[in-house]
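Which chain is which? They are A, B and C, in the order written, and residues in each are numbered from 1.
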């Protein structure tokens, strides 16, 4: 069967989206409004939300969530890069602790959350620490993997030409491992975001997750959907930002 | 020499492909007939359409014009009971053992397990693979893999064997040995073989008939009949002359293909 | 050998340091109990925790089986039909990337408290990575194998059954290994958020009750169980991949 043209594919995709929205609309009108709302009911909720009528403290909560994410990510990057390099540069240490790190990765991170809640309570700290925990692993593992894949021959050649350690790092190792590293940084950000949001929804006093819980608790389903959409924009936006920086970083070392 | 019945007839076949730079004619009005029991080699420059022609005989490609007739019936699709194909890449299923790979065609046809196993096992000896029945493809050398692929085709016991540069990926020495081995198998099984190759040596060593194809769009430029006995001495004066003739036909086309 | 020694030394030194820090009173024992307090707690929580673990693992197993069945089927169907793949790919990737936590409150609203939201949410988590992995594997099947099978007269059904499915087994196994952690994660999250039974709820209630030694013990229990499951799957994976070398 010949390949469908690009236009047909796009048309089918949009068609599918339209059908999905239509089904949502019809189903939403039929069920109990406490359980489900059609898109047409979400729009006024969204409007009220954006105009700060339903939740006047939305900006403050949004800002808090963003700050939590940023803090968690910075910590994750610092620790991830540090640990990753330490494990990567010292072969014995890397061989010993690398598998232990990977084993911890096999544990669903959410099991640590109650311990964090015990320690930090419902404040931002527990969300930041959870986000940190989630984001740390992919970054550290990516650094480790990146270093491992650098062809040692290149280092030998560079050293033979008299390159010092810093130069070797900057001009040989970094470009070779950049792709893996940036991928890890991007995954790390995505996981930090998820960690913070999960932490907030599982129990918090403030932040987007808290607002979502609030709406859900009062069965204000329209507001709930609107809040979810706003949070989704935040999440997708952060990933788009990350991918743009990824591209910029790629060009910088080419 | 008694005329044997015509087993394969290719009649005025044309094939066009659509590429990003417009339609390209791969084959133009190709006609060829092959008698039963022949070893017919198709030789020609890259891109002359020999693989396409073979694909048509195997029922995997349909011509835009003309038709292909096998044993009196036009080709409409793959017909494993009549035509078996061996490709340049062995195409062995990596999750199957040697024996299971050889059985593959029979399995598709619903042959009961007991009989399949016996047919496949019996083939291992002539294939030179006794003792490798339970090995997986990754444990086999390139030459061995091709022998399994050929064994898989032979298991079907079809009258016609199509081979698309089966030894192309092998090193020189293995190629020569495989050629000798194939010759032995052919003479024992009396199959009709259509063999595609780039190698003049192989063409001259193996075939009863050589069809030279032109550069794209491919046509049959010339057909040589070889009547020498097997095994052939490549140094005889007859062979040397034939080789020179063959090369002159091919060289022209190869140059044209390069432009 | 040296590696093992270093690992062992690390673990012992880590525990030792932890014990010292807790005893010296540098951390509040209410929040960070000493290992010596956690060990007996492990026995205390014994039956209750194991019951919770069994419950969680039961739900995870159910969610897992469903995820694999749905994920592999969807992956094979969408991956092998070019039109479906072209049209649906961006949606699949998008749905995969959306944090499922956002719909959790709604799922609990619809399905209530108990087993069904946990299983449903677990499936939601496990399904997508498996489907995406299988889709990729189907796309990457060696074309030569398909051509060979067709030349031997394989019907469409035979192509799927004898060529496609065996070819994607390594990726399916890889996805299954990934999927189990995701399913477990989903089940635990629901249990923490709204569950009545299960390890997630056990952990939550210990946290809320400030029962630190019990909490640590229970956390260790779940972690060990999870690692054991993944290692077991890795082992099975190796066994079934003999032909790959």
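We adopt the following convention: a contact is a pair of C-beta atoms (placed from the backbone, for glycine too) under 8 Å apart; a residue touches a chain by one contact, two chains touch by 3 or more.
Every value quoted in this text rests on a predicted model; they were computed, and no experiment measured them.
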item: Pair joined by the larger number of C-beta contacts - A-C, B-C; value: A-C
item: Chain closest to the assembly centre - both centres taken as Cα means; value: C
item: Chain located farthest away, centre of chain B as origin (C-alpha); value: A
item: Mean-CA-position distance for chain B and chain A (Å); value: 55
item: Gap in Å, rounded to a whole number, between the CA centres of chain C and chain A; value: 19
item: Rounded Å distance, chain B centre to chain C centre (Cα mean); value: 50
item: Residue ranges of chain A in contact with chain C within the complex; value: 1, 3-4, 9, 12-13, 16, 34-36, 92-93, 95-97, 99-100, 103-104, 106-115, 117-119, 190, 193-194, 197-198, 201-202, 212-213, 216, 219, 221, 224, 228, 231-232, 235-236, 239
item: Chain B residues within the chain C interface of the complex; value: 58-60, 78-80, 84-85, 87, 89, 91, 93-96, 104-105, 107-109, 136-139, 152, 156
item: Touching residues on chain C, where the partner in the complex is chain A; value: 2-4, 6-7, 10, 31-32, 82-83, 86-88, 90-91, 97-99, 101-106, 109-110, 181-182, 184-185, 188-189, 192-193, 199-200, 203-204, 206-207, 210, 212, 215-216, 219, 222-223, 226-227, 230-231
item: Of all residues in chain C, those that touch chain B in their complex; value: 142, 144-145, 147-154, 158, 162-163, 166-167, 169, 242-245
